[in-house]
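For reference, chains read A, B, C, D, E and F in written order, and residue numbers begin at 1 within each chain.
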Amino acid sequence: MHVLVVNCNTSESMTAEIVAVAELAAAPGTQIVGAQPSWGVSSAEGFYDSFISAAGVLDVLSTWSGPVDAVVLAGFGEHGREGARQLLDVPVVDITEAAAYLASLVSHRFGVVTTMRSAVEAIQQSLDTAGIADRCAGIQAAEIPVLQAHRDPAAAADALQPIAQGLIDSGADGIVLGCAGFAGLDVVLQERLGVPVVDGVAAAVTLCEGLVRLGKTTSKLGPYAPPSADKSRPGWPPARIPAGI
Amino acid sequence: MHVLVVNCNTSESMTAEIVAVAELAAAPGTQIVGAQPSWGVSSAEGFYDSFISAAGVLDVLSTWSGPVDAVVLAGFGEHGREGARQLLDVPVVDITEAAAYLASLVSHRFGVVTTMRSAVEAIQQSLDTAGIADRCAGIQAAEIPVLQAHRDPAAAADALQPIAQGLIDSGADGIVLGCAGFAGLDVVLQERLGVPVVDGVAAAVTLCEGLVRLGKTTSKLGPYAPPSADKSRPGWPPARIPAGI
Amino acid sequence: MHVLVVNCNTSESMTAEIVAVAELAAAPGTQIVGAQPSWGVSSAEGFYDSFISAAGVLDVLSTWSGPVDAVVLAGFGEHGREGARQLLDVPVVDITEAAAYLASLVSHRFGVVTTMRSAVEAIQQSLDTAGIADRCAGIQAAEIPVLQAHRDPAAAADALQPIAQGLIDSGADGIVLGCAGFAGLDVVLQERLGVPVVDGVAAAVTLCEGLVRLGKTTSKLGPYAPPSADKSRPGWPPARIPAGI
Amino acid sequence: MHVLVVNCNTSESMTAEIVAVAELAAAPGTQIVGAQPSWGVSSAEGFYDSFISAAGVLDVLSTWSGPVDAVVLAGFGEHGREGARQLLDVPVVDITEAAAYLASLVSHRFGVVTTMRSAVEAIQQSLDTAGIADRCAGIQAAEIPVLQAHRDPAAAADALQPIAQGLIDSGADGIVLGCAGFAGLDVVLQERLGVPVVDGVAAAVTLCEGLVRLGKTTSKLGPYAPPSADKSRPGWPPARIPAGI
Amino acid sequence: MHVLVVNCNTSESMTAEIVAVAELAAAPGTQIVGAQPSWGVSSAEGFYDSFISAAGVLDVLSTWSGPVDAVVLAGFGEHGREGARQLLDVPVVDITEAAAYLASLVSHRFGVVTTMRSAVEAIQQSLDTAGIADRCAGIQAAEIPVLQAHRDPAAAADALQPIAQGLIDSGADGIVLGCAGFAGLDVVLQERLGVPVVDGVAAAVTLCEGLVRLGKTTSKLGPYAPPSADKSRPGWPPARIPAGI
Amino acid sequence: MHVLVVNCNTSESMTAEIVAVAELAAAPGTQIVGAQPSWGVSSAEGFYDSFISAAGVLDVLSTWSGPVDAVVLAGFGEHGREGARQLLDVPVVDITEAAAYLASLVSHRFGVVTTMRSAVEAIQQSLDTAGIADRCAGIQAAEIPVLQAHRDPAAAADALQPIAQGLIDSGADGIVLGCAGFAGLDVVLQERLGVPVVDGVAAAVTLCEGLVRLGKTTSKLGPYAPPSADKSRPGWPPARIPAGI
């Protein structure tokens, strides 16, 4: 089974890290393939970046030619989810939903710890539109930029811990890592906090595996019907440029 | 990995069927173990049966001695979920939530087809308390008793099809099978209806596998903290009697 | 008129206390009859106990043979309400709903003070499913076990007062006593706090009287239709054992 | 105990009818006193009439000098409720809330049958602000003007029956009579429909009795604090004129 | 274009101030006409005053004979809105909705600063029934009576600033002035706080202008259909008395 | 005052039409400037197109050099709104919100008529995230592609009329035109239907004028803070290509 994990930003090193975490989560026989947009944002923190990122990710997906059985959208709280579902027949799992669903199975109310204040409302909106916001006890930012978290995971864990503890103190009994750049921090934080800590990338990989094994594909009889082929999309997708930070 | 699948009624043949479906869904290396309450209801269709069933299922779980890494609660819309989470450290996955979550990943709004009108409101309540009701487009009953569905799956599929189609016509683009006794009908209905059809038992097995692989256990720092050991529970669990239909 | 007040735990002394409070609330001509499960939990504080208690209470109700015109379910935030309504034609009034409704008539937003943190989420769920949660300003626990409150009411009142005051300070203008074991404390707390304090047992008795006087019985044309008589419920109800703490 | 029942319109004959229904519902020892605004609307059907009626009712209450232990606001879906609660220390029970609460105790979802289409949205708003709208399955009008219903109850019952049946067919299992002018029709409709039918006037009387017996008065520490006495209210209340149709 | 701005209280000097603010907001060619009830409340702070004020305002509107193309209801959080819409064909813009809508266009979540604690819940209800409460981050009172704010705007601004800052600190990124008596303070507070501050009177004037220019009038095919002309409204409107403080 | 109206698709003729409608709505002194993405979709009908369109529109805005005092986003139900608000200091008015707000001032519940079934859920999501969905009575599609509506407005009006009437029959008392391509049809439909019909483009122009006149700019102290300037956005914006259908 091939699971395509699409980083929402253009950082290849972050893609590599996400792929590594996904591989750890994957069952034997699952092959993780990483990708990132060839253009867009080096990191997404807030609405504007999120919309650019969404188009970049849809560009990747609309032109992907390799084998793929399911897709993980590795941008926490980022836009594009429903567009990707229109585009593809295979299951598309957003790490926001994935983390929220798994956290809701092992805790009563989850709190989300994220990078920057600017990302909080986009995450809230993503949980709202996914219909799982009722289980969320709060979203708090540690004011760590995405790429800094990616470069220094130990410092990120230290910064996230008190934020997560604050959420627990005010009613959360589980924690969701609200950034793909936090991937891998769930183990250490879980140990320190004493509650389940869910990383969306890992969660999404297991959900993809489940959906594929059960033979589920994305519904095509509703709003995820394929984009109309009759219309022109001038200049789409944009010409490629080499990505990187 | 051992996944304990607990049928919510006392029918051993239904347990066997559920186990068979669970085994089909399971990954290599996952061992499915079936169980059912030794007392309670031969089938659960509505609130009263559901509460009896909940106690019977908690009885099974409170005295289970075999190896278990995760538990599937195989009663659609039945009570007891949060109590089981208090009782156990391992993940507890209710097929109601499991089906709703997976359906929400491959469709925009799911409809639920269930057995009897009497079960509809209990299912609604279960989706409400799980916090995923926003994604549900409707719940409709085919007026097939649970055990009849279990005995004649072909007839059940025929009865469910028009009900499911009605839900699709009014806005659902995915279907959830709202009874453990429908387990296995997802494939045939999916083919006939042209939308993803999710069976909760199969869905729950894959969610258990994911949670176990990721090292998640049920939170013990909130409402799922273990039941107080200081208090007496007179006559609990009740004395065993041989079950069967 | 006979009002059956069913304690949700097996403590006969607590039943006696509840009956005493109910009698004080009752109109002339109303005869209060007390009962408790013959098995289950000596006190219910949280989901697990609540589900056991629900089955025990349904056992009491399914086998009750005395005259009864209405039933009070005297477990605050406990499960079983909808099952009891299926079982009986006479009105069934849960003290959770009763207190919430009366409090909503004399205050704009009520706060709930309860025993243990472990009970908070079960109460929240009960208010949610009753559809009256919008009027609730918060639920706070005083960390007094049920039976301790029952044994030392003066200490319970002292412990509840600052918790209730905190709720008032944050927007509640009425207080609901969130445990049947607090029955009788409404008067003293009302005096100390200066806002209406509603005890669910007393509230429920008056609601039963009203419903009976108006000739209302539980609807049998929807989800409260009687449990199917066609099915077997093996081992249900369980064999009786002598109850007590 | 004196319960003041305030008709929301100026029709003295309708007040008399409402008082008669209230007396039937009242317990021995409860004395029903009727009143209506001396100015305002001969019947209230929709927002505009409702606001005029609210002021007229507040005028009655602000100048009432007789003994009163509780007040029933006998206008279904009419405004003024929260203002009356500010004005008075004794409990104020709106028939909208009263009917909704009692119906929620004996049915899972209630439907409301009312007079005119123009009243539907005002009723919806009243249920919304009372926080009990989740239990309402729908509000339908029979297109009977209030006063016509008052004059010809048999015809009103005939007109309401199919409307109520339609609500039951679409999911309601209880009916609320959505007009004080329907008072007394609950018995005949209950018999015909086979589900509980709740009349708000009768319901409110029993709730008043319960609140008074339990010693509850309206909270004065929040939004129901007495209207400021420091300010002038020029021309309020307006000069009296003889009312009547 | 004539825009009638109706102050909700009887203070003519406050009307004058509101008119002045409205004129500043008006486009060239818009003529602002001020009015206030001839009876009612000298200021409205809470439910009781609000209902009296609503009737007084409806009295003004029902007897207005001058040219009018749109109406501004200049009472923040006050009742009567839907009644005025029934009464008139021209657009009726409540300053509560007006401020909330404009604030929602330039901020993600707005906070409301108002006069007295007693007004908070009425404002909440007004936002709820307008259907825009989801965008509101909180409502806080500065404990400044309406008329005091009107008389000493500089002191009012000083009192409002920390309250508004508190709302911003807890998540609001825009502020709504929750009293017609604060009209004109938006400029100074906007400068001090660094977020958009919206005054409902000014907002409503621009909305009226837009609606009139686009040829929109109030819908007459639903709950805003004209009040029935067939019924009597005895003593309505009440006899005039001279207003003033 | 310069109001930049950005069509969400690449059709220059549709931009021209939208500009014409905007000019009709504009007050004297307002200069309408039209623009459209240089790449993207020739029409947007559903999630996938909407996300591409969002990026194209943000590209237009991020590089706009002409004078601009406010921006209208002329894509009904399309994404990008919050990103544009981050990017710009001037007010950004989405036609979805604009139409919903104005419709809510002249009707109690509005229905939305749109082009294709594929757009319905995106519109629902846009109303949900704008926080105004409570006022929406339904969204129905006439199955007219955007560009066909643009080319043959008379046929579009004929097709929309029965759809709008259906919404009115089921409870709407106002209609919102759910596509920028319907701009200008509000007058004819309003006449035929007898309820207010609101076109978002015209509505948004008047809201922009109001916000600018009142000196409101987009909040920069919350989620609309400017996108971080520290990060790289490789390949963004994409190289221009000539647009057109």
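Throughout what follows, contacts are C-beta pairs under 8 Å (C-beta built on N, C-alpha and C of every residue); 3 or more make two chains touch, one makes a residue touch a chain.
What you see is a predicted model; the values in this text were computed from it and never measured.
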Compare the contact pairs of B-C with each of A-F, E-F or C-D and report the one sharing over half of them by residue number. A-F
At the largest C-alpha centroid distance from subunit D we find chain A
When centres are defined as mean Cα positions, the distance from subunit A to subunit D in whole Å is 52
Between subunit A and subunit B, tell me the centre distance in angstrom, where each centre is the average of that chain's C-alpha atoms. 28
Hey, how far is the Cα centre of subunit B from the one of subunit D, in Å? 44
Going through subunit C residue by residue, note those that touch at least 2 other chains and give them in order. 82, 85, 108, 121, 222-224
Chains as vertices, touching pairs as edges: which of line, ring, star, complete or other describes this one? ring
Contact footprint of subunit A on subunit F as seen in their complex: 10, 38-43, 45-52, 54-56, 58, 79-80, 82-87, 118, 120-122, 125, 128-129, 145, 147, 222-225, 227-228, 231-236, 238-245
Touch list for subunit E against partner subunit F, complex: 25, 27-28, 82, 85, 91-93, 97, 101-102, 104-109, 130-135, 168, 171-174, 186-187, 190, 194-196, 198-199, 202-203, 206-207, 209-211, 213-224
